[in-house]
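The following pair of complexes shares a single chain, subunit A, combined with subunit B in the former and subunit C in the latter.
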Partner chain A sequence: MNRPRSAGRGRPLLYTSYAQDIAMFNTPGKRWGVAALFALALLAPFAFNDDVVLILALALVAAIGAIGLNLVTGYAGQVSLGHAFFLGIGTYAGAVLGGDPEATRALAFGLPMVVWIPGAGLVAALAGLIVGPLATRLRGLYLAIVTLGLVFLGGHLFKEARFITGGIGAGRRGAALDFFGYRFDQAGPLLGLDLTRAQKQYVLALVLLSIFAVLGRNLARSGVGRAFSAIRDRDIAAEVIGVGLTKYKVLAFTISSFYAGVAGAVFYSIAGVVEPTAFNLLLSVQYIAMILIGGVATISGSIMGAIFIMTLARVTQEIAHYIPYISTQAIGGGLINVFQLEAILYGLLIIGFLIFEPRGLFGIWFRTRNYWKGWPFSY
Partner chain B sequence: MSPKKRWTYLPLLLVVLALVAAGCRAAEQEMQPPEDQEQEPAGDDDAQGAQTDVGVTEEPCPNAVNEDNGCIYLGIISDLTVGPFAPLAGPITEAQAAFWRRVNEVGGIAGYDIDATTYVRDNEFNAEVHNRVFQEIRGEVLALAQTLGSSPTLAILDDMRDDSIVGAPASWNSAWEFEDVILESGANYCFESMNGVDWATEQVGTDISLLHIHFPDDYGNDAAAGSEIAAQAHGIEYSAQETPPGRDQQAGAIEAVVSQSPDVLFITTGPQEMVEIVGRAAARGWQGLVLGSGPTWNPALLGTDAAPALEAMYHQVGPWGTWGTDTAGHQAMRDALGDVSEINDGYTAGWVWSYPMRAALEAAAENGDLTREGLLQAVSALTEVDYEGMLPNEAGNYADEPEQGAFRQSIIAGVDTESETGVSTIEDFFTGPTAEEHALDGPCYELG
Partner chain C sequence: MTRFVQSVVTGFGFGSIYALLALGFVIIYKSTLVISFAQPSLMVIGGLLSYFFATVLGLNFFLALLLAMAAAALVGVIVERSALRPMIGKPVFVVAIITIGVDIVLRIVANRFIGPRPRPVRDPWGLSSLEIGGVFIQQRSLAMVAVTGVVVVALAVFFKYSRTGLAMRATALDQETSLAQGISVGTVFALSWALAGALAAVAGTFVGAGSGLDQQSWIIALKALPAIILGGLDSLPGAVIGGLTVGIVESLVATYQGQYAPWLGANFSVVSPYVIMLIVLLIRPYGLFGTPEVKRV
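Showing the complex of A and B:
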């Protein structure tokens, strides 16, 4: 496109056209930063072992769900503890649409990926559309409690619908990762490189996350995003200036559920087996933790938070080697074992971040960046 | 930098460093044992002469018994913390570690020590967690010394077949007879139920009603299918009821027992659920004959309030003799484990399940092929296994069709407060008429 004339004059932040001003990467810093980040992300599967790459792939998919939650809770201010419900709806919709009928005894239609990914999102979005109007009558704590009820409703539904979910204890396989005959669940070549299964799934997750992150970022920067922020900040004032509350609250829930549906379906396609008790309150809290620790009302914060929470288990295992009194075995030895350490750290981190860094990892990044931007005149 | 910022960045830095250090593809030799990448072509001929691929190394095991031997890594995925079988699974795992230590102490197999302690993972008796931890160790082990749970094992069965990973299940599902990669031992739940019902008809006749309470998963349904077949064969009034895991979830089951008042109650759950159902039903006045599937007993149950009810009514239909039985195998197990604080039949089970794996490894080593494919072929050729008296040798027949090769004998044990495990054998190995006649042409609990 047009090379900004200002750049040639050494004044990159001088915008000479509207398109330049509203571009997503409107400063060279952003352009180079995102490019470097993407390059690093592409190199990651070749630097780590397969089991870490698998964790990262799952983290990137969880980030899609976290972005969804951030859209409804962070940007639009509608507290939703029911994210696990929408994840579950999306997972089972995806599994039913895309599951391999020979691989599982539950209902499965074996449709291709281009059908079940949007399909899962749409079914979950439908659920969000139905739940959305609740938000117009309730705010804050009351909305949180009602969405919490959704989780228990969902839990009961998933336990009983055995022809879809396989029943508790047994579970079922997720959707098949089959893209026009190209299989993402077996090792093989991709663009000339020989990749393992985990690496392929990581690439798939990265591509999907990029698409949804860009969509989310654009949504947040658009009129809809501004309406969300207005509702979050002062919903009565927003209504007074003409922001339709019902419309935008329902839209927030619908879009967030779409993200959650896609995230759930792809997550359990990569993980392999899904069991109905997975969609419990703890999962909702995990996603809340992702956006709180990552940074509310930021897309990059959602991604950082998701990666942080999903890798926490693995990291505690590695840290346990260095800290005395922690046993790596599940039974016997040590004062506490790694699973308990993980649970303790989890709680401590949420509390710590809320007290000391309310803007989360994004806040830390923000302060670091400003420090170095102003260096040596930082203060 | 202000102190507050330092404390924010320091843990973050630690976290990032830990993750980087952990995951680097150039394997850390001091933290993880040497691994063979999945992509390496199969068949490195080594000094010992046998072909190997994944899960077998020339370097000795960590904490090796024989420093000159190589190492064969076996994985264990068990219910170690929160599931319904956790009190049994810990002893199962310990018994297996003791078994392989005994094998190593007499020199290992074909110049390799067997390591069954490095890749031990917890599955929380949940198919999803089981799959997740299996994916973690999938590329590191030659075979699975233990995979606990019918439903959790079914969840990873496709992947086991794809990778030719042989596994000894810590469960007795009839579906295992039809799987080449599964090294089952002992009569499956289906035959066990049939034998139990047959024995019950000998005790109380056939003009009775039978209620079978079971878990809703593959374990429970397999046993219920067996008891239903036996009930139909004898013309017994039959009904079945599902109940979820969890001691506090048994209200529906207890109500069913009290309202239907069956003459015979067959229970296929975990020990906690069984004692809850039997104890509460007895407290509300129900009396009758109680049969429990193999995994329903734990000696600790004798310390509960329901102990008198259990003593009067409970009988365990089991796959082999309890801890105190007098056979060479049982004695070897007692010697290897030494003084255990709480004796329970988890130890017996873990010990017995390891014999076929040892036989398969020895056969594969003799063939000079310790690859995964080689081990699978050795398993498929086994017609008998030396169980040192704990089971008849023909119980380890994996070569024949399930109709001929499946083992159909069970043991009945009654509560015995003098015994170390709280139960003792009252009827030794027998096959009931129903099990004898049943044509095993498919798993008892059909998929779908």
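Showing the complex of A and C:
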């Protein structure tokens, strides 16, 4: 392992080269912390019931999408309200490529997972490549509104393309999780352990997230990532120092869409059925909420935010038992029902975090860490 | 030909609703440089208040409209004071996202009051219509256009001749300088939200008078976004022209698309404003009447 030599001498913060400074795990704390977190994440499916494990698996997949959005909006500063559109494109690309032709009336080719996961990403990336040039023409809020328009156009497209999406009310099944004949969507043994369906999906989600998180982190700390940050901070200054705006803005959208495509395809193959109305403005706002609550321009923040938002529904349901006047049915009864409570919580959390903790969960972690780093001194 | 004129007239009616909403967006944008995504919820709340005053309490329609405008203006001011004032000086994107949060919260509360049935606002026109040369015009559409016209003229006079209007224009131009001239910029912010709330209430009332307010009515308000982009984010005349254009285009597409371009799918008219927006933006990135941003390092 390429360990900074200074760390071995008990001086963990002494960097003697630039490569050490920008290394992915540049402190021992990060190395051990990430290892511990990964171990915890591996143990999680055995600590919870299957329904919770399924929610966690979906949260991990959503985290891939959140990292994608954070790359374009957090790192490159191009506000995109159109993430739902790219998620949708990826979902349907994945479903068409990897869907079981015998199980669905919609178009499906039944290709294996190693083909449809990158395939879904590539199709979505292509959509991003087409949309990307808009970002070179428009700035700031104009871009936000145009990408919002994209969600509505996408929604119409998904509704109308019934041979792909199954249409409103019916929907279609996602792609089959078939890895060279090994099924991640059926209960069975994995590495000698007898796992349930949810647990296997969780493991798959964890592996995929690890891959994409490392890729994202590498991208962010490389020259491309620095170009993104330069564009976000001052685009004209970036252009002056030789960062090609068109190239990097289009690149940001393309990569972000690739992440979204993969996340969408895997998400709905785990969730089961997908309806074309799922890819609406609310979904985009959910992903925005993930990166804002998690932490803008951080990979770990994207993951924290995604887990936070995806488990919010379940947490709300649990809380609802203890609060009076909250109905657990969809219609009538109580002051408000759980779904409304959940939506209100989204809204309040977005407002609250932005006003009181703009750096999100990552910011909270950052301050806690710095407090203990300097303990017992205040700085 | 009759069909064409009929379609344009219908579009004019809807367009005036979009124009009112678009004006609200532009007024807030000009004074605070933020796009308020909370307009949909303000519209629904305004319409719901009109429903309460006109249908439940049985007040005169115009009295109900005025009361709803005042109440929605108050909601706008409360939103500005509580959620947006702490964010002054923060990046505009962050503030815009806060307004999305505000919108979600307010809309859920409003939808809880609306419930499963549509809530119709009782208006004096009902379904009666005029016939001019074979073209049927709903009296309600005419009322919409007339009210919009009155509001637009009143706003223009307010901005041009009143001291407060001048203060608002000055703030839009430069916040610090107007602060130095003794203008209370905070009051201007609150006032723009109040105006936007009142305008949204008028729009909401007419939405409610047409088909009744239901859980999905807020989508209508989002069509004001293509309208402001068309006209340019900081242009008041642009907002009106953009709103009317969006209304007319939508209505024309609804009339002719099924006949000439059925492959675009059912209800393409609903998303047609966004297509127009994309095309216009690619040609003119700051809309038809917007001020190009001066880029500095």
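Operating definition for what follows: the second predicted complex is superposed on the first by the 356 of 379 C-alpha atoms of A that agree within 3 Å, B and C clash if a C-alpha of one lies under 4 Å from a C-alpha of the other, contacts with A are read in each partner's own complex, and residues count from 1 in each chain.
The working rule: a contact is a pair of C-beta atoms (placed from the backbone, for glycine too) under 8 Å apart; a residue touches a chain by one contact, two chains touch by 3 or more.
What you see is a predicted model, and the numbers here were worked out from it, not measured in a lab.
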| item | value |
| --- | --- |
| Fit-or-clash call for subunit B and subunit C when the two complexes are aligned on subunit A | fit |
| Subunit B versus subunit C as contact partner of A:His321, first or second or both or neither | first |
| Contacts of A:Asp233 with subunit B and subunit C, given as first, second, both or neither | neither |
| First (subunit B), second (subunit C), both or neither touched by A:Pro358 | second |
| Three-chain overlay, vertex subunit A: subunit B-subunit C angle, C-alpha, nearest 10 degrees | 70 |
| Subunit B versus subunit C as contact partner of A:Asp194, first or second or both or neither | first |
| First, second, both or neither for A:Val146, with subunit B first and subunit C second | second |
| Gap in Å between nearest CA atoms once subunit C and subunit B share a frame through chain A | 7 |
| Residues of subunit A that lie at the interface with subunit B and also at the interface with subunit C | 331 |
| Contact footprint of subunit B on subunit A as seen in their complex | 46-54, 103, 105, 162, 167-171, 173, 187, 194, 196, 271-275, 277-278, 308, 311, 314-315, 317-319, 321, 329-331, 339, 356-357, 364, 367 |
| Sites on subunit A touched by subunit C in the complex | 79, 134, 137-142, 144-146, 148-150, 152-153, 155-156, 159-160, 234, 236-237, 240, 281, 285, 288, 292, 331, 336, 340, 343-344, 346-351, 354-355, 358 |
| Sites on subunit B touched by subunit A in the complex | 4-5, 7-9, 12, 14-15, 18-19, 21-25, 27, 31, 38-39, 80-81, 90, 93, 120-122, 125-128, 130-132, 135-136, 139, 149, 151, 154-156, 158-159, 215-218, 244-245, 447-448 |
| Interfacial residue positions of subunit C with respect to subunit A in the complex | 35, 83, 86-87, 90, 92-94, 96-98, 100-105, 108-109, 111-112, 116, 222, 225-226, 228-229, 233, 264-268, 270-271, 274-275, 277-278, 281-282, 285-286, 293, 295-297 |
